[in-house]
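There are two complexes below, and they share chain A, which is joined by chain B in the first and by chain C in the second.
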Partner chain A sequence: MTTDKAKEKVKALILPLAVLLAFEAWARATHLQSDSLAPPSEIIMALAGAFADFSILAATRDTLFSAFAGLAIGAVIGLALGIAFGISDTLNRLMEVTVEAIRPIPSIALLPIALIALGFGYRMEIVIVAFACVWPILILSRAAVRSIEPRLMEVSRALRLPAAQRVWKIIIPAALPRIFVAFRLSAGIALIVAVTVEIAINPLGLGAGIMLAQQALRPDLMLAYLVWIGAIGYALNILLVVAQHRLFGRAALSGDSA
Partner chain B sequence: MNRNATVWLWRAASFAVAASFIALWQLVANLKLVSAVFLPSPDRAWASLVRGFSNGDLWSKLAGTLEHMAYGWLAASIAGIAIGAIIGSSRIMRTYVAPSLEFLRPLPVSAIIPVAIAMLGLTQAMALFVIAFGAIWPIMLATIHGFAAVEPRLYEVARSLQMSRLAVIFKVALPSASPDILAGMRLSLTVALILSVVCEILAGLDGLGHWVLLSARAFRSADLFAGVILLGVTGYVTSVAMSMAEHRLLAWQASQR
Partner chain C sequence: MVNAAKRFEVIPGQPRPQIAFTGVTLQLGGKTIIENLSLGVRPGEFLCVVGASGCGKTTALRLAAGLYQPTSGRVDFDGQLMLHPRREIAIVFQDYGKALLPWRTAAGNVSLALEAGGMPSAERPARIEELLRTVGLPGHAGKYPAEMSGGMQQRLQIARCLAQEPKTLLMDEPFGALDAMTRQGLQDEVLALVAASGATVIFVTHDLDEAIYLGDRVIGLLPHPGRIGIELAVNLPRPRDQLSTREHPEFLRLRRQLFDFIKATEQ
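Take a look at the complex of A and B:
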C-alpha cells in the first residue's frame, strides 16, 4: 500500500522536475535575456535574497494579516446572518431579495468605493476581503443549520433553552463541521482577494511586491514572488484540510453529523 | 390559500424589505449622515445610471466588460474541456500530469497578472490571457474529475462496441461528465468577471472596471455607484443565464433518473 502511494508521488513529481530542468537547460543554452522569464536557478537565488533581507517576509505578514482580519470579520458577519436565516424561515424569506441583490456584486468592484472611503492601506483591503468572505459562509452555514437533526431542536425546545443558549449549545456544535468547511473555502478566497487587491491598487504586501518586481524589470524576483504566493496558497489549503480531518474526521463530509 | 399565491406573497414581502433598505439609504444620504462624496443617495446613483445609458457611455463600458469576459471565458471553456478531456481520458496523463495541476490550483490566479504584463504589456491580449488563464482551472479540473468518475461499465460497453477513442470521448465520457463541466463553467464565469474588472483597472482598458476607477479618482460617487450596481447586475444576469443553460442542457439527465 505505502510503496504504491510513494510510487504515485514520485510519478507526480516527474513532470514538474522535467519541465524545470528543460527550462533551465534552454535558458542556459540560449543565454536568455528577458523581462518576463528567468531560469529556475536565478528564481531560487532571488527568493533566497528576498528572504535574506526580510522583504518577502514583511510582505507575507502584511498580506496574511489583511487576509485573516478580513476573513475573521467576514466569518463573524456571515455566521451570524447564516445562523439567523437558518433558524428563522420568515427572516430568510424576507431577506432573500436583498441578499440576492448584493451577493453577485464582484468583490473587486467595491475596490474604488473602499478606496475613496478609506484610502490606501490595510483597512480598505480588509473590508473588501470581509465582503468576499461573508457570502460563502452565510450560504453554507444557513444550509448547515437547516440540516440539523430536527430532534435536537425538539430537545432544545423541551428543555426550554433560551435562544442564546440554544444557538451556543445546540446549533453551533451540531453545524460546526460544515461551518468549518465553509471557513476553509473562505480562507482560500480571502487570500486570493487580498493578493488581487494588492496587485490592482493597494501598495502593500505580496501583490504589491510582485508588481514592483515586474516594474523594476526583475523577472527573477517577480517569478520568485509568484512561486512564494503559490506556496502560501498551497500550504494554507493543506493546513486547513488537515485541520478539518483532525477536528471533525468524516463528519464534515456528511450532512448528518451526530 | 394555494401555494403559488403564498410564494408570490413572500416574494412581494421580500421586495418590500429590499425597498425599505433603499429608502433607509436615501434617508441616510438626505440627512447627510455620511458624506455625499462616499455615499451618493440612491436617486442620484439611479439618475447617473439613466444618464449613462441615455448618452451611450455606460453601454460602451458594459459592452467592453462583457466582451473581455466572454472571450476569456469561451477560450477557457474550449481549452479547459479539451485539455481536461485529454488528461481525464488517459490513465497515464492522470498519474503524471493531474497532480501538478492540483498543486497549481490554490495559486491565487491574479498573481499571474504581473507576469502577463511583463510578457504582453498593458494590452487587450494581456487581459484575455489573464482571464482565460484564471477561468480555465475550474473547467479543466471539473472535466478531469468528470471523466475519471464515468461509470466504468459505460467504458466496458464502449470497448465491446469497439468504439474509437474519439467516439468514446464524444459519445460516452463528455455527456456523462457534462454536469461536472457545466458546474465548472459556472464557477469560471465569476472568476472571468472579477479578472475582467481587475485587468481593466490595471491596464486602463475600456470597460466598467476602468469606469468605476476613474469615477472614484474624480470623486464622482454617483457614477461610481452606478458602475458598481451595473457590475452586480452583470454578475447576476450571467449566473442566471448559466443556470438556465445548465437546466436546458441537463434536462435529458433529469428525465432519465
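Take a look at the complex of A and C:
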C-alpha cells in the first residue's frame, strides 16, 4: 500500500538522520577543528551562502552545460555507430578490434592531450565527456539492435522498406527502450567525468568550486559542494527514470533487465 | 499406397504460372532442406501445402517470398527471376505477435505497408479504415496489438498484407495458434477476401482438413529432404461451407487419402 511505502521511506531516513545528529553533537562537544570535516549545520550554512551569492548556481550551470553537451555529442556518435554495427555484421567485425582497443582508455587519460589541443574551458571538457559517453551507448545500442525480433526485420524486407525508413520506422523504435537505458547510464557517467575534469584541471564548474574551497581551507563549503553534486546526480537519475517509465511503460522494464 | 512423386510440368496452352519453382534445392548449414522441388502456382489458385513437421513447408514459403535464395534451381514470379522480396507478395506469419509493431496502433501497423508503398499521408486514413473494416476490425484503429486478442492480431496482420494489394498472399500456418471457433471464422473470411481480390495464395498448414477445405489443390511434402510426395486436386464446389463441404463425399475421400499419406511419411 502507498501508506506502507511512505512509512518504509520514513524508516529508511531514520538512520542517516541519526548519524548526522550524532555527528553534529560530537562536533560541537569536541569543538571540532578540521581541514576536511565540518558539522552538518555549518555545511548547510555554507550551502545557503553559496546560493545567496549565486556562485554555486553559476558553477552548476557550467558543469551541467559541459556534461549535457558532451552527453549529447557522445550519444549521437555512439548511437550512430551502435546502430551501424548492429545492422552490419561485416562492419562490426572490421571495427571490433579498433573499438576494443580504444574503449578501455580511461577518458581522463585524454586530459593532457585535450588540454594541449583545446586549452582550458568548455570545449576540452565537452570532448572528454563525449569520449566517455560514446562507449556505453555504442555497446548497448549495438546489442539492442541485434536483439530486435528477427520477424520484424523480415516484415521490413517483405514490405521492401528503404534502408532509411527501416532504421527510422523499425530499428530505432524497436531498440529505443534499451537505448534509453544506455542513455541513463551515460548521463551518470557524463556528470562524473565533467566534475572529475574540473577537479583535475579545468577552472570552472562544481569541481573547480570544490578545489577552491579546499585551498581556502573551507571544509564546510567543500562539503556543501559535495552534498549539492550528490543532489544533482540523484535528481538527474530520478528525472530519467520517470521519463523512461512515461515513454516506454512496461517495455522499459524489459530494457532494465537487459 | 502413396502416389509416386509427381513433377510440375509446363503444359502448352495453360496460363503461365504466377509462381514457378524449377528444380529448386536449398541447403542451409550443409543440410539439404529442400531437394529438386518443381512446382507451378496458377494465377488465382489457392494452393495448400501440408506435411510432417520439419519437411520444409515453411522454407518453401520463404523461397516463394524471396526471403531465401535457392542453392540451385530458380524461383520465378510472373516470369521474372525472384532475387529479393517483392511488394506484390505479402506474407502472413504464424507468430502474429512478433510480426506486428508493438509501438504502433492497429492503424499504424496497417499504415506501415501504405508508407512502404509510398501512399501520400492524406490518402492513408481512409484506406486504413477501409482495410480494418474489411478484416472485421472497425473501431479498433486506436488499439495497440497488446490490447487485442490473438484472432484480432492475426486479422490485423492480414489487413497489413492486404494494404500491399498483393498479387500473391503467402500464409504460414496463420491460424495454427488460434482456437477452433476463431479459426473456422477466419478460414471463411480469408476465402471471401481471396475470392474478392483474385489473389494467388500459398497456404502452409499442418491441419489436413483445413488444407482441403480451403484449397484448389493440396500438396503433401516428404521430409529429409523436403520434396513433393503427393498432389491432390480439390474439386469441391465454391463457395465452401463449414458444414456441407466437410460432409461432402469428395472431401472425405481426399481427407482419407491425405491422412494415409501423412501416416506413411511418419513411418
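One rule holds for everything that comes next: the second predicted complex is superposed on the first by the 254 of 258 C-alpha atoms of A that agree within 3 Å, B and C clash if a C-alpha of one lies under 4 Å from a C-alpha of the other, contacts with A are read in each partner's own complex, and residues count from 1 in each chain.
Simple rule for what comes next: a residue touches a chain if its C-beta (ideal position, glycine included) is under 8 Å from a C-beta of that chain, and two chains touch if they have at least 3 such contacts.
It should be emphasised that the depicted structure is a prediction, and the values quoted were computed from it without experimental measurement.
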| message | A:Ile116 in the overlay: touching chain B, chain C, both, or neither? Say first, second, both or neither. | response | first
| note | The answer to whether chain B or chain C touches more of chain A is B
| said: With both complexes superposed on chain A, which partner does A:Ile14 reach: first (chain B), second (chain C), both or neither? | reply: first
| query | After lining up the shared chain so the two structures overlap, which partner does A:Leu191 touch, if you call chain B first and chain C second: first, second, both or neither? | reply | first
| request: Classify the contacts of A:Val97 with the two partner chains as first (chain B alone), second (chain C alone), both, or neither. | output: first
| First (chain B), second (chain C), both or neither touched by A:Gln165 | second
| message | For A:Thr30 in the superposed arrangement: first (chain B), second (chain C), both or neither? | response | neither
| query | After lining up the shared chain so the two structures overlap, which partner does A:Arg157 touch, if you call chain B first and chain C second: first, second, both or neither? | reply | second
| task | Please give the residue numbers of chain A that touch chain C in the complex, ascending. | result | 149, 151-152, 154-155, 157-161, 165, 169-170, 173-174, 176, 251
| request: Enumerate the contact residues on chain C facing chain A in the complex. | output: 65, 67, 84-87, 89-91, 93, 95, 98-99, 101-103, 112-113, 115-116, 164
| remark: Listed in rising order, chain A residues that touch chain B in their complex are 8-9, 11-12, 14-16, 35-36, 93-98, 100-102, 104-113, 115-117, 188, 191-192, 195-196, 199-201, 206-207, 210-211, 213-214, 217, 219, 222-223, 225-226, 229-230, 233-234, 236-237
| query | Mind pulling up the chain B residues that touch chain A in the complex? | reply | 10-11, 13-15, 17-18, 21, 37-38, 95-97, 99-100, 103-104, 106-115, 117-119, 190, 193-194, 197-198, 201-202, 208-209, 212-213, 215-216, 219, 221, 224-225, 227-228, 231-233, 235-236, 239
